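What follows are several structures.
Two complexes, one shared chain (chain A), two partners (chain B, chain C).
What follows is the complex of A and B.
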C-alpha cells in the first residue's frame, strides 16, 4: 500500500503532466493554422470603428510575440511557455489596453462560484438520492426520481439551459434571465447584493444540476445495490444495527470512494458545461468572456482563457485528489 | 451478437424504446435523400409559415421548408456523431488494448496521457481551434479534432478489461503457440471488449453531437453545412423566439433530444447486458 507522501507526490506529478500536455496541445493548435493569424486578428479587431495606426502597430507587435511568430520554432515554443508561466498574455485586443490577466481575473471568481455551488449541490444530492434508491429499492418516489434524473442526463448542457431560458423567459417569467446581479446594484457586501447574486444564479445552477444529477444518481444506485449484497451488510443487519446507521456508515461510506474519483474525472466536462451555461444566461464568468472574445477576434484573450482553464481545472482536480485520503483510509495507512 | 440483440429487443424495455426512438430519427434522416430542395436553398417557400398540412413543421424566416431542412440537418448531425465515434473508437481500442496487455512502464505512460485527456477541459481548446481555423473550419476537420480529444474515457475502460484478459489461460496459450502481440489483441482480446465498445460508442456519439450542437449554436463551425446546431444558430440569428417562430426552435430541439435519449437508453441497456449483476438486482425484491 502506498503511503500518503508518495500518494501526494504522484498526484503532484500528474498535475504537472496534465498542465504540460494541455499547454502543448494549445501550442500545437495555435500553430496548426494555415492562415496568417496576426493579420487576420488585426482585421477582425479593427473591423468596426477606427483604430489609430500607432495602436495597430502596437497590436501587431504584441500579436507577433503572442502568437510566437518571431524566431525559429524552438524560440517560439519557449516564448510561449515564458508568457504562460508569467501569466502575461499581453493586452486584450477587444478591451485595449486592459491586460488579459485582469479580464480573466475578474471573470474567474464568477465561474468558480457557479461551478462550486452547482457541483456541490449536484454531487451531494445525486449521491444521497442514489444511495437511498439503491438501498430502498421498493420506494416508488425514489424510482420516479431516478427516471426523471435519467431523462435529463443525456441532454447536453446547452440544450437544457436553452430550454430553461425559454420556459422562464417567455412562458413563466419569474426569474432573472441574464447577468450576475441586478443592473441597478452596486457591488458591495450587502444583503441586497448577495441576494441579487443568488437570485441570478438560480437558473444557471438549476440547468447544471438537472444535467449533472442523473450521473451521480445512477452511479451511486448501482454501487449501493452491489454493496448491499455483501456479507458484512447482511451481518450488520442480523446483528440488529439500525438501518439508518447501516446505510450511512456501512454502505454509503464505502460507495463514496469511487464517486470522489468520478468527480475528479468528470470535472473537465462539468467545466465545459458551466462555461456554456454561462454564455446562455449572460453570466459574467469565463464562458461569456470566451465567447465574446471569439466574436471580437481577440486572440490574446482566447488563448489566455484556454490556458487559465486548463490550469484551473487541473488544480481543482488536484485538490479533490488531495482530499481523497480523508474518505479512503487505505491511502493514509502505512 | 444477432441473437443477443433480438433478446434485448424482446425482453428489455429500455433497449426496445431506445431502438424505436433511434429508428424514427434515422428514418427521418433518410427522407433527406428524397428532399425536393437542396439543403442550402433559401426562399423556396413563403417565410414564417406556422406548421400546417403543406409545411408540416412550418417554414423558417429564410424561406426554407423546415421539414426537409431538418432531415438534412439530422442526417449531418448523425453522420458527424458516427464519424467521431468510429475514429475515436480506433484510438481508444488501440491504446486501451495495448496498455492493458503490455502493462509496466508503457501502461503507466499511456494511462498518464489518458488521465490528462480526461482532465483537460476540451471546450476551450475546441474554441481555440475554431479561432485559428476560422473559415477553413469544416465538418470533417472538427470531427477529426474531436476524435483526437475524445478517446480517453473509453480507453481506460477497455484497458481494465484487457488487463484481466492478460492473465487468462487462453492468452498464455496464444503466447506459447507463437502468436504475435497484434494477433492476440485483434483475434483473442478484441471480441471480449466489443460489447463495451458498443455501449461506449453510444455515449461517445451523444458526447460529440452535444459538443457539435453547442459549438454550432455559437457559430463556431462551418455554418453553411446544415446540422441541428447550425439550424438553431440561424434561428437565433433571426431572433426566432422573440418574433414567435417557435417551430424553428422546437422541432430541432425535439429531434435532437429524441436522439440523445434513444442513444442513452441503448447504452444503459447494453451496460446491463455486460454486467449481469445489475440484471439480477432488478428482479430482487
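What follows is the complex of A and C.
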C-alpha cells in the first residue's frame, strides 16, 4: 500500500503533466489557425485610406515585435513558455495594449462565481434530495420531485435558459435580461451592487441548476436505494439507531463517495458550460471573452484563457483527489 | 415445557407484485409454525432452496418484516409490536442477527471495533472504557479472534472469515438468548465453513444460546442441527428431529432434496445421480 506522501507526490506529478500537455495542445491549436492577428490589425489600421507599402511593412514589423511573433514557431514556443512561467500572457492583440492577465482577471470572478456556485448548489441539493428520495421511498413529495428532475434532465440547458428568459424577462418581466449587473451601477462593494449582481445571476444559475439537479438526484437516489438493502443498514435499523443518523452516517456517507468523483469531473466541465450560458445571458465572464477572442484571432488572449482554465480545472480535481482519502478509508493509506 | 423462548404461530407473509393491472399475490411464507424452548438451547435449522421463504421468515423473527397473518412471540411478546428505540434495543439484547454476507454486515466507513464498542455500550449497558474493551475482547476470543487483531481496522482490512467471526462476536456481546443466522457460511471459503459451523455448535453448548440456522446446505444442517424444518415455496413441508428427518425423509420434496446432495463417493458414470432438476437446492451440488 502506498503511503500518503507518495500518493500526494504522484498526484502532483500527474497534475503538472496534465497542465503541460493541455497548454501545449492549446498552443498548437491557436498557432495553426488561419486567422493572422497582425494582418487583422493592419487591415483595421489601413481601412480608411491608402498607406504606402513601406509603412505597412514597418507596421507589420513592429506589430510582430509587440505581439511576440517574430522568429520561427520554435522561438515563439520557448518565448511563450518563458512568459507563462513568469505569469505573463503578454498584451491582448485585439484590445492592445491591455495585458491578457487584466482581461482574464476581470472576467474570471464572474465565471467562477456563476458556475462554481451553481455547480456546488446543484450538487449539494441534488444529492440531498436524491438521498432522501432513495431512503424515504414512500414519500409522495419526493417521488414527485424525482419525476420533475427526470423531466428536466434531458433538456439542453440553453433551451431552459431561453425559456427562462422568455418567461421571466418578457412575459413576466421581473428579472433582468442580460448582463452581470445593472447598467447604471458602478462596481463597488456596496449592498446595491451586490444585490444587482445577485439579481442578474438568478436566471443563469437557475438554467444550470434545473438541468444539473436531475443528474445528481437520480444518481444519488439509485446509489442510496442500493445501500439501504445492505445488511449494515438493516442491522442499524434493528438496533434502533435513529433514522436521521442512519441516513447521514450509514447511507449518505457511503453513497457520497462516487458522487465526489462526479463533482470533480463536473468541475472540469465548468468552462464548457460557461461559454453558451454567458452568451445567452450576456454575462461578462470568461466564456464571452473567449468567444470574442476567437473571432478576433487574438491568440494570446485565447491562450491566456485556456491556460487559466486548464490550471484551474486541474487544480480543482487535484484538491478533491487529495481530500479523497479523508472521505473514504479504503483509499486511505497507512 | 415451562416457558417458550420463541413461538412462531401460523405465520404467513404475502407479497403482491406486478403492475397496477395484473396484481398477483404470492406467499413468501405460508402458515409456518414452530417453537423454541427457553430451557434447552438448541440449533434449529431452516432448510430450503432459494426463494423458499427462509430469509423472509428470518426477517419476520427479527421484526424487520411484519407478518401478514399469524404471530411471532418472543418470550410471550409479539415481535411485530415492538415500537420505539428503547423497545428495539431491549429486543436486540436478546435476539441478534448474523447475516449472510460478512462484507455487507459492516459499514465500510466505520472501524469494526467501533461496532463492538457501540454494541457493548448500548446493548450490554456498559459505561467504562475498560469494561467495554474487555467485553469486546471476551466476545472476540470466543470466536477465535482478539481485540488486538481487530482494533482500528476497517472492514476492508479483514478477510470474509474474520469479518463473519467479528459479526458473530458482535452478536454475542449482549449475551443474547437467540441468534438468527441467515446463511452465515454461504459466502465463506469452504475451508473456514467448518470453523464457523463448529463455532455455532460451541456457542450452543458453552453459552446456552439457541440458534436459528438458516441454510440451503444439507451437509452442515445434518452436522449441527438438533431440529430441522424444510421449506418449499413458503410452506413447511417437513419438520422434526434433524437426524430422523434427514435419514428417513417422508415428504417427496425432502427426499428429492436429500437425493440431490452429491454423496462423497459418487461414481462419475454418465446418467448418474446428478440430475438437472429445476428444484435442486442452490449450491447443493457443490458440497460434496
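In this text, the second predicted complex is superposed on the first by the 266 of 334 C-alpha atoms of A that agree within 3 Å, B and C clash if a C-alpha of one lies under 4 Å from a C-alpha of the other, contacts with A are read in each partner's own complex, and residues count from 1 in each chain.
Definition applied: a residue touches a chain if its C-beta (ideal position, glycine included) is under 8 Å from a C-beta of that chain, and two chains touch if they have at least 3 such contacts.
Just so we're clear, the structure is a prediction, and the values are computed from it rather than from any experiment.
J.: Does the chain A-based superposition show chain B and chain C clashing or fitting?
T.: fit
J.: Looking at A:224, would you say it contacts chain B, chain C, both, or neither? Reply first, second, both or neither.
T.: neither
J.: So in the superposed three-chain picture, is A:276 touching just chain B, just chain C, both, or none of them (first/second/both/neither)?
T.: first
J.: Regarding the shared-chain residue A:314, is it in contact with chain B (first), chain C (second), both, or neither?
T.: first
J.: Spot which of chain B and chain C makes contact with more residues of chain A, would you?
T.: Comparing chain B with chain C, the partner touching more chain A residues is B.
J.: Which partner does A:151 contact after superposing on A: first (chain B), second (chain C), both, neither?
T.: Touch status of A:151: first partner only.
J.: Look at A:213 in the shared chain and tell me whether it touches chain B only, chain C only, both, or neither; answer first, second, both or neither.
T.: Touch partners of A:213: none, neither chain B nor chain C.
J.: With the two complexes superposed on chain A, say which partner A:137 touches: chain B (first), chain C (second), both, or neither.
T.: first
J.: Is A:107 touching anything from chain B or chain C once the two structures are fitted on A? First, second, both or neither.
T.: Neither partner.
J.: If you take every C-alpha pair with one atom in chain B and one in chain C, what is the shortest distance in Å after superposing?
T.: Minimum C-alpha separation, chain B to chain C, in the superposed model is 7 Å.
J.: What residues of chain C sit close enough to touch chain A in their complex?
T.: 62-64, 84-89, 92, 97, 99-101, 104-109, 119, 122-123, 154, 156
J.: Can you name the residues of chain A that touch chain C in the complex?
T.: Residues of chain A touching chain C: 230-232, 234-240, 242, 249-250, 253-254, 328-330.
J.: Looking at the complex, which residues from chain B come into contact with chain A?
T.: Touch residues, chain B against chain A: 112-113, 115-125, 127-136, 153, 206, 209-211, 213-214, 217-218, 220, 232, 241, 249, 253, 256-257, 260-261, 263-264, 268, 277-278, 281, 284-285.
J.: Using the touch rule from the top, collect the residues of chain A that touch chain B in their complex.
T.: Chain A residues touching chain B: 14, 17-18, 21-22, 25-26, 29-30, 32-35, 37, 40, 137-138, 150-151, 153-159, 162-163, 166, 170, 218, 222, 225-226, 264-265, 267-268, 271-272, 275-276, 279, 290-291, 294, 299, 302-303, 305-306, 309-310, 313-314, 317.
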